[in-house]
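Shared between the two complexes below is chain A, which has chain B as its partner in the first and chain C in the second.
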Partner chain A sequence: MNTLVEIKNLSVSYFTYAGEVQSVRDISFSIEKGKTTALVGESGCGKSVTSKSLMGLIEKPGVIKEGSQIIYNGKNILDFNPKEWNAFRGKECSMIFQDALVSLNPTMMVGKQIMENLENHNEEGLSKGELRKKAKEMLDMVGIPDAESCLNKYPHELSGGMRQRVMIATALITHPTLLIADEPTTALDVTIQAQILELMKDLQKKLGMAIIMITHDLGVVADICDDIVVMYAGKIVEKGSNEDIFYHPRHPYTWALMNSVPRLDLDSKEELVTIEGTIPDMIHPPKGCAFCSRCPYAMNICAEQTPEVLDLGNGHEVSCWLTDPRADVSGVPFQTGGVDHE
Partner chain B sequence: MLKYCLKKAGQVAIVMLLISFFSFAIIDLAPGDISSMYITEDMTEEEKAIVIEKLGLDKSMPEQYLAWLGEALKGNFGVSLSYKTPVMPMLTKRLPSTILLMGTSLAVSLALSIPLGLIAGYKKNTWIDNAISGFAYFGMSIPSFYFGMLMIILFTATLHLLPSSGMHSVGVNTPIDTLMHMIMPVMTMALSSMASKVRYVRANTIGQLSEEYVLAAKAKGTSPVKILFKHVLKNTLLPIITIVGMNMASLVCGSFIIESVFGWPGIGSFAMEAIGKRDYTIIMAYIMLSGFILVMGNFVADILYSFADPRIKRGIDVANGK
Partner chain C sequence: MSNRPVELEVKHLCKYYNAGRKRLLKAVDDVSFDIYKGETLGIVGESGCGKTTCGKTCIGMLEKTGGEVKFQGKDVHTLSKKERFDFSGKVQMIFQDPYASLDPHQKVYDIVAEGIRIHKLAKDKAEEEHMVLELLDMVGLNAEHAMRNVHEFSGGQRQRIGIARALAVDPEFLFCDEPISALDVSIQAQIINLLMKLQKEKHLTMLFIAHDLSMVKHISDRIGVMYLGNMVELSGSSDLYRKPLHPYTQALLSAVPIADPKASRERKKIMLTGDVPSPVNPPAGCRFSGRCKYCMSQCFDLKPELKEVEAGHYVACHLYDEK
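This part shows the complex of A and B:
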């Protein structure tokens, strides 16, 4: 095992006037060196909060609860002091944000913003000119034509795709070992999306960093991710390799997600699966399985007790009562228990 | 940019014309005029009429205005009706001392209010913020003539540290002496003008800190100090530029209150005296000067915007077909 980051029992709550919003509830997973892990789930399921915890960017009223651990290279980064955090952020772990227009400072030239990251971690004592040269190389690498003049432009003078490329250049100029991409293509149109994803795959090969891809676009996931973590209402309902999740989903939520994607290879008469209802109130999370109220196969036990995590081998884990031998699985359209690849 | 400047210049001319007309009308409507300075009770009616005619007060308001305007357009602001000397040299003589006082207090208030506002915004709702905001409210609420008198009581009457009035001690003419005279008026001015700036910078800092680009900068490992001064500062400057632009006029015209309280020999106290005497040539020259500087201040602020925020510059260029 070549584990880069191990998240253990991470819980994050936001204390609001209405009460404690339990955004992330006791999740554990690990990220392999040089691999791409996807965090998928609908809005509000805790994906972004998980990634912000990794960067130490949880701010009040958000609190990372006692007992949470994020082990990076043998150290629990949640114990970092502000100085250690600043050395970690940007250097070890970089982040690409969803909307590049608001994530770039409108009054600062693009070149300066790219150089800033390297300047913050300038252990080799590079001069301004050398920093600038590196920034230009980085812009060349992410495929911006005429990188030299782009350095002196302001964000509003660039197109959406260019801005996202600038964000990627900024994040990667320090050669981080982990890159968190928080819905990097959501704000872009489809052709640019494909280019950006291609670019990220390409750069991963060149620089060898691990990527956490946060997305609700399963097309993106299928294309570039090695491992997939499916989150629902602050919990991990299922995780496994790309193939496990796409071809052998065991959780009704995963199954429904996979079947809610329009596909060209299916019979056009077949109706698209939709998931009825909305996610539960996170101030008073349900006692049992959080998906229970929306699950067409829910049983009495689902509302009462949270299902245990079942390890199916090869890192494929699921948390659902349907995997229990006593469950009535007649009419369930996917495999429920036992081992994969039967 | 040239087209933009020409357009602005045209606007300035119209605004100045309107200012001059309305101020002239207001002076005319005010009770009493300069003739009361020369007329005594034991004068006969004919003598009184001669005085009024000599001063040109027998003509109607539009006639007086047009006569004044014709001369003013040629750059001649006339002769003071009370001092019987040309107006402009009297104003320009007092200009340096006013600019010195006002410029220093503007610089002091900017140098203090911008960092204080940034810190208050960054430490929102902590005791530091409360202390700074409380100080700002204090400065905003206390009338400056009252605060000025308190300063005089404390530093002059009780502690005997600072001179209470004027610009020089009698017979002394050193920079140190002038500096000592400046401390109290500058502090009084700065305190009252600082308050609103601190509030503006604080509010803007809070707004900017919740922007995504701040989070992105943090994710690059940028320290809080650098985020505040390299990222947020420039974005919070826009309202400050507006305020400074509007304060430009007082830079040249001085402050009635401060100059009177501290006996500062500047333009403000001079104009105050002229208003008391209804000496309309001085009043008009003073109003034209302050109006012009105010309009120009706003114009300069508009130009400065585009330096603080490059998006505005592009907007100006696009609007003028570039």
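This part shows the complex of A and C:
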């Protein structure tokens, strides 16, 4: 195991006028070097908040609670002072966002924006010309035709796919060890999405960075991710390798999520699996399992007590009462506890 | 298929916008298709391909520039006031954004009842109430929701209200413009199941527009693929996915990620290079010519017609010209 970042007992709350919104509640997972980890879940499940904590971007009224730890290179980054954060952000860890048009500065030329990140972390003391050369190389690398003239363009002159490429170039120019991609392809058309995903895979091979992919598109997850973390209402309900989650889901939420999207390559007009109801109120999160109110297999205990995390081996972990040997699992369409059946 | 009665007949429909400086933006350019009674026709394509404009022009929400649209034999764009009124009782729509398409000042009850009142479908207040509650029940909401304001509902529930409003006048034709793209994955499945159930019960004809190809495939009987204002392929939905003929359709389908790691790894993707050209100055000849890897010399000059290549499978591509 080659762990790059270890997140331990992370809890984040937002103190609003309505009360304390517990966005992330005591989650732990780790990110491997050079691998792609997906954070999957519905809107409001806390996946973006988790990634923001990694970048030190939780602002008031948000608070990272006592006891939370994010270990990077043996250090807890949550203890960083502003200076250390500035050295970390953009250099060790970069982020790309969903909407490239609002993320890029509309009044600044593309070349300057890319160079800006490098200038801030310019330990080698490179000259302006050298920086520019590096920026051009990076634009070439992300597949922008005629990179030289692109340096002198403004973001509005580029198409959506090209802007996303520019943003990736800006994030990767410092060769970070971790890239956080927050729904990077959601706003794009499928053919452009395919191009960007191919590019990200390709760059990961060349530069060797780890990627945290935040998305709700399971197709994207299947395509590029090695590990998957499934979040629901601020908690991790299941995590494991790509194959574990897709072929041996153990949590009813994961299972329903996998079966709620029709498959393009299969011919089926059967009714889709739905998850009835809506996500719980995060100001008063349920006492027991958060999914309990929407779970068709919920038992009495589910509403009372939070299920323990069960380790199924090889990093596949699930937290659900159905895995308990005493649970009645007749009528549950997926396997619950024990070892994976083929 | 062809012996079924045609509900909506679209012939050489054009919709141009003035793009300034004497240029025209050809949003929909010479599109022809039929929708048979009781079927669901899906239209897919990337953003800016003209699918929404096409749908809106088809039901008369937008003025046409050229061509003809006939609903049950009557031209949609030249209806008299009386005919227009009847038309609105037969054709209803569901919109993409459930937040913008419902009046925030009205109670759910009034939103749903408005159509009933306009078309005088209820004899008295009691019958109206009965109808509204039945509609709410049909879309999975209950009586308690009727007196609430719209802002109290989540996106999925709002979309249900939108569906109840559309069904209030007991329409025959439903135009769904991206009804699920603003919703979460688990909610999307709920809405799709609901629409499919309602269609079966009420024998609705549907025009379903979306960019999520797997959802469109799931709900549609036939699918049309649009690219830059043109219909490039039209066929039965499983046929289209099993055997796409147009190079653009092939690339589009191969780009859709599949939620299965093994299948996803084994699949060959066709990568398109470049972006969609501007509809203000589209390529002459085939609109896809600049990005197509099978492009031949005539593709640059001669625009291919939509032709029936196999039974019920239409494609507009010179690759399938008779030699």
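In this text, the second predicted complex is superposed on the first by the 337 of 342 C-alpha atoms of A that agree within 3 Å, B and C clash if a C-alpha of one lies under 4 Å from a C-alpha of the other, contacts with A are read in each partner's own complex, and residues count from 1 in each chain.
As a working rule, contacts are C-beta pairs under 8 Å (C-beta built on N, C-alpha and C of every residue); 3 or more make two chains touch, one makes a residue touch a chain.
Model, not experiment: these values are computed from the prediction.
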Clash-or-fit label for the pair chain B, chain C on chain A: fit
Chain B versus chain C as contact partner of A:108, first or second or both or neither: first
Contacts of A:283 with chain B and chain C, given as first, second, both or neither: neither
Touched partner set for A:275, first chain B, second chain C, both or neither: second
Which of chain B and chain C A:303 touches, first, second, both or neither: neither
Apex chain A: angle to the C-alpha centres of chain B and chain C, given in degrees as a multiple of 10: 80
Comparing the two partners chain B and chain C, which touches a greater set of residues in chain A: C
Shortest CA-CA distance between chain B and chain C [superposed frame, angstrom]: 6
Common interface positions of chain A, toward chain B and toward chain C: none
Complex contacts: residues of chain C adjacent to chain A: 46-47, 154, 156-157, 184-190, 192-193, 196, 211, 213-215, 217-218, 238, 241, 251-261, 263-264, 267, 269, 271-272, 275
Of all residues in chain B, those that touch chain A in their complex: 211-213, 215-223, 230-231, 234-235, 308-311, 314
Of chain A, residues touching chain C in the complex: 42-43, 159, 161-162, 189-195, 197-198, 216-223, 242-243, 246-247, 256-258, 260-265, 267-269, 271-276, 278
Of all residues in chain A, those that touch chain B in their complex: 55, 57, 85-91, 94-95, 97, 99, 102-108, 116-117, 120-121, 154, 156-157, 167, 170
